[in-house]
Amino acid sequence: MATAILEQFINGAMMGSIYVLMALGMVLIYGVMHVLNFAHGVLFMVGGYLTHLFFFSWTGSYPLAILGSMVALAAIGIVLERLVFRALRDNLRMQIVSSLGLILIIQNGVVQIWGPHALQMRPTTVETLVKFGQLSFTLQHFVIMGVVAAAVAALYLFLTHTRLGTAMRATSQAPEAAVVVGIDPNRVYTLTFMIACALAGLGGALLGPLFIIFPQMGDAPMLKALSAIVIGGMGSVPGAIVGGLGIGIVESLSTLVIPTDYRDTITFGVLILMLLIRPWGIFGVRVRGED
Amino acid sequence: MSAILEVSDISKSYGGIQAVNGASFTLDHPGIYGLIGPNGAGKTTMFDIICGRQVPDAGKVLFHSSRVDGVEPYKLARQGLARTFQECRVLPEETCLDNVLFAAQSKRMTSEMLQVFTRNTKHRRDAEVEARRLLRLINLEQYADQPASDLSYGQRRLLEIVSCFMSKPRILLLDEPASGINPTLLNTLRDFLVELYEETKIVFLIVEHNMEFIMSLASTIIVMHQGRVLMQGAPEQVQADESVIDAYLG
Amino acid sequence: MKLPLSTIVTIVILAFGALAPFIFGGQPYILYVLTLALCYTIPAIGVNILYGYTGLVSLGHMGFAGVGAYTTALLMKDVGLPFVPSLFGGMFAAGFLGFLVGIPCLRLRSHYFIIVTLAVGMILFTLFNNLDGLTGGAEGLPGIPRPGNIEIGSFVLDFRSLTGFYVLTFIIAALIFGLQYILVRSDFGRSLSSLRQDESLAAARGVNVFGHKLAAFVLSTAIAGVGGAMKVLFLRAAAPLSFDMNESINLMMMLILGGAGYLVGPVIGAITFIALPEFLRVAAEMRLIFFGFVLLILARFAPRGICGAAEVAYRKLTNKEANVVRYT
Amino acid sequence: MRKLLLTTALAAAFMAPAAYADETVTIGIVTAQTGPLAAPGKFQMNGFNLAVDEINGNGGFQVGDTTYMLELKVYDTRCNAAEGASAMQRLATVDQVPIVLGELCSPVAAAEAPIAQDFQVPLVVTVPTASSLTEQGNPYFFRVNANSGQLNEALAAFVETIDSEPLSFIAWNNDTGRGGANGMRELLPEDFEFGYIGFFNVGEVDFANHITNIRNEDSKAIMLLMDEEPGALAIRQIRDAGLDAKLIGTLAMGSNRFLDRLNAEYLNGMVQYSSFPPNAPMERIKNFSDTYREKYGEESHGFAAQSYDGVFVAVEAMKAAGTTTDGAAIRDALAEISVDGVIGTISFDEKGQASPPVYITEWCEDGSRKIIAPEDLAADCGAG
């Protein structure tokens, strides 16, 4: 049993760190712009496909491919913010509608371009195995955890030690705050979307090779990340990290006792309970007033 | 006879900040009351507490000698407490007429459901007469069938206020009615409020920044400062009073 | 005096619907597609009451439809109840579940409520899929019977036949439409749409925000239940995939396409969404990409869908001042 | 003989199909060409097209004294019940085809079957496995392929003969997976020891949780009820996690296509049931596989073979019924028919279910396969 728990813990932490990337992206967008971006999952998926593309047809180097897909996603992020979400500020219903539209376009677009079959890419990190006693994991498991940790650290430094980062945090408190810091809020919004999408791209780039790259690969992570930010507290960055890792590890350990076909039921059940007991999440602050 | 509105020892704090700190005042006869005070005096909080958007930490609010503090806004409204909003709220998609009529209709689900199945629209036709009269009062009758979103800010403000009278309120709370209204329209607004008061003879409680406006409108002024009620009196008294002047300067 | 556009369109649509069996008697396929569209119209009306009038987004509505569907199907198939009580059973099951979900969740703020509906939809799908003993599980529930004949004198209406079932679906859809009609034109309806436009103003005017939301939610889930039931009775087989998240999203899409907050919005939406692709028969991916762009454009420029656009045009024609109300 | 027919068929297929027939018959096809099951849909279509090319290449077929060419009217159902039903409706009433073939997904077939009965157009499915489909007493529904019951019986019988207890499952949480897992649990004896039973949703790719549980139960054998894509992932993850339990797979896992996704040492010793071992040393299968490879440049697939036979069943039924229009007559002919197909002799029981042989194949070290059951058809490496 002990080994089982250790194994589940490591697997959970690996998936958890992927959820963290997604959750961070969604939480930044929600915190700064109050947009709930359901399309984040398909962006994650696009990240996977682009990595595959860059790896095989351009660079041939996995790290470069990852960077490439992050940059590309950041660019996509700018487009989305400028063309889709900027005009819909404070228009919750239409933001939801648009994100659903984006899901349809991107997911089916990918099928049109790459076909319904899954893609595979197996860089050395996936082929090499790391063994502890009878357990063995691919090197990629640890690469993922490492890279995510680094990304989170970088994001933290950015948010706390740069003027733009401060502006972002300020904006998430009060939109006019950015102006006070002397920064055009629109720049903050664009930047937020860039970072969020780049993180999604990174997630896809990391997870894709470990398994396969296919059109629905982003759906589950998106839903898990959604649960993560609710449980952690909408708009709270530490909440997203704890929530993401938490869901990853708990749902992985839970399969030792709960039948797996009810695993999602459990996750969503917990999510609903959380909303009822403590809607503002673990780290979120209670919001007064109507909205 | 008991007071219409009695506010006693209300305290409310957000985080560390003591917004209202043991404020009390009584409105025992109809009239136009002004609630003023420098920024951070706690008048907005007080206003929110009276119309049920905030729950006080301590103290109570009596409306015709029944506890109303912490009572949900919709229940207050059903008890005859009408209010306007600082940012001026109307139903943007409804026509001006429907906006006014909406204030008149019952919001109790039982009677609504009854109305669903009886399909009885008499109450609406009766109300329409009154509604058109009120629209005429503020010269909006020609917009009766235009969506409220077509109106100018000032017009919407007037519409918001007249709507309140459809529900035959026993007290009307106005949150900075003069804010965002251009000077020429201010006089119209003042005359119109006076006219409505003369007609209804109920309590108007007005939170206002615009001194010259409120002083010329209100019969009694309540001054708040640092979460307390500094004084309550006629406009000229208030304007003469040293402590008030200090409060505003200091 | 001009009739309001909605009334005209309503009359036209009802007339068309009633005459369809005679018009298309010779073309069962068209009748078939119309029936299918009606099966989606019913839940779409439910969503219209919830989203179009009350302004609440639900991303799990087909889950509730599924509850109605499986309940009705099992009552007819296993318990052997006749059609009408089974249908009511399904309706009540869905509505009651809506009640249970609504009680705690409708107090939540807008974003949170949307997430809850999503989660509930997922959970319901899992149950349809996993409860092999009850719902037939992922392999689906085949052999769902259709209601028996009714005989009025010499005239026999056989609901097993396509025409018969179309008539049945049309009658039920018309009833639901009528319900929507009187609801939204009543004081209750006006209170609901005040909630969409400005919740705190509504409260200040005396609308019990929570109570009205709950009523709207229960209504719309119950109606969705009826729609789901009609769908499985029509297909004579139930499958979890007919009630998954994509279906819920499609439901929202057809409403927004048709025109949320318009009486005929759901009808027009369902017909455009179901019927058009059926006749065009374009590649599914392309169709969905197209609808994706349509959604983006609607969200940006015509948030009230086809009906909204039509209204603008109509106002122009009847030289009233054109004005589209922005949905916020 | 047949070989010769096939080659002429090919010749015909690559030139313009020789059209010296009087008329054409259009057969309806329902299958998934887009959506999650687009890939298996392709194999099904390949089978249909191959058969049509062959028949037309031989100058069509005789009904009465007229010769007919075959044509296919294909509709995409995307494995969606509503779309499947409307496609069926359209075929029956708009295109007015005499018979409809195809379908991949059991729930969709369940929605199509009643329409077949309404309009008296026989529906012959060639892939869906849900046993319940043939239990509805619908005279117009026929199934060429073995249903999950038959597949499970064969597999269960085999599992009992090997040392496989405790037996664990990793199964798709859809009709294939749930049907299979539940079926096996019913078929195996009371005292049979089961280990862990895990379901995963379509689209899930991380099997680590299941693997841990299986290790925890120290299972002797793992049954993988899913198709190629997740199958390859599961096997790789199981072996990478250092688990060496015996693997038992489905028909999707006994092909060279599957080998391309992994490599021989991952698969060595794995067994799977199969309705169609593409390299079996049997004349009919060899011929089919060769033609298929020539035409599509890859190893043939069970779905293709079943669908290929489906077309011949339809044609034979039309010949026997002496009509290419009367669905009812064709239905009666189907009930009586017996056709020697690629997958075996096809004749339907009173429920409309055919019972083709079910094979068990095992992977060899060199990445080829051998047939180990049924005994009479057993053959060594390179045969499966």
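The chains carry the letters A, B, C and D, assigned in the order they are written, with residues numbered from 1 in each.
We take it that a residue touches a chain if its C-beta (ideal position, glycine included) is under 8 Å from a C-beta of that chain, and two chains touch if they have at least 3 such contacts.
Keep in mind the model is a prediction, meaning the values are calculated, not measured.
S.K.: Work out per-chain C-alpha centres and flag the one nearest the whole-protein C-alpha centre.
M.R.: Closest to the centre of all protein C-alpha atoms: chain C.
S.K.: Please name the chain that ends up farthest from chain B once chain centres are defined by their CA atoms averaged.
M.R.: Max centre-to-centre separation from chain B belongs to D.
S.K.: Need the CA-centroid distance for the pair chain A / chain D, whole Å please.
M.R.: The mean C-alpha positions of chain A and chain D differ by 39 Å.
S.K.: In angstrom, rounded to a whole number, how far apart do the mean CA points of chain C and chain D lie?
M.R.: Each chain's C-alpha centroid was found; their separation is 37 Å.
S.K.: For chain A versus chain C, what separation do you get between their C-alpha means, in angstrom?
M.R.: 33
S.K.: If you average the CA atoms of chain B and of chain D, how far apart do the two points sit, in angstrom?
M.R.: It comes to 75 Å between the two C-alpha centres.
S.K.: Among the residues of chain C, which ones contact at least 2 other chains?
M.R.: Expected reply: 129-130, 200, 284-285, 326, 328.
S.K.: Multi-chain contacts in chain A: which residues touch at least two other chains?
M.R.: Answer for chain A, listing residues that touch two or more other chains: 111, 261, 264.
S.K.: Quick check: what residues of chain B touch more than one other chain, meaning two or more?
M.R.: Not one residue of chain B touches more than one other chain, so the list is empty.
S.K.: Show which residues of chain C lie in contact with chain B when the two form their complex.
M.R.: Against chain B, the touching part of chain C is residues 182-183, 186-188, 190-191, 193-194, 197-198, 200-209, 211-212, 215, 321, 323, 325-326, 328.
S.K.: Within their complex, state which residues of chain A touch chain C.
M.R.: Going through chain A, the ones touching chain C are 30, 34, 36, 84, 87-88, 90-98, 100-109, 111-112, 223, 226-227, 230, 234, 261-262, 264-265, 268-269, 271-272, 275-276, 279, 287, 290-291.
S.K.: In the complex formed with chain A, which residues of chain D make contact?
M.R.: Chain D reaches chain A through residues 34-36, 38-39, 173, 197-201, 203-206, 208-213, 215-216, 229, 233, 240-242, 261.
S.K.: Would you pull the chain A residues touching chain D in the complex into a rising list?
M.R.: Per the touch definition, chain A meets chain D at residues 1, 3-4, 7-8, 11, 15, 111, 116-118, 120, 129, 131, 134-138, 211-212, 214, 216-217, 219-220, 252, 255-256, 259-261, 263-264.
S.K.: For a test of understanding, state which residues of chain B touch chain C in their complex under the given definition.
M.R.: Residues 51, 53, 72-74, 77-78, 82-83, 85, 89-94, 98, 102-103, 105-107, 109, 111-113, 115-117, 119, 146-147, 149-150, 163, 167.
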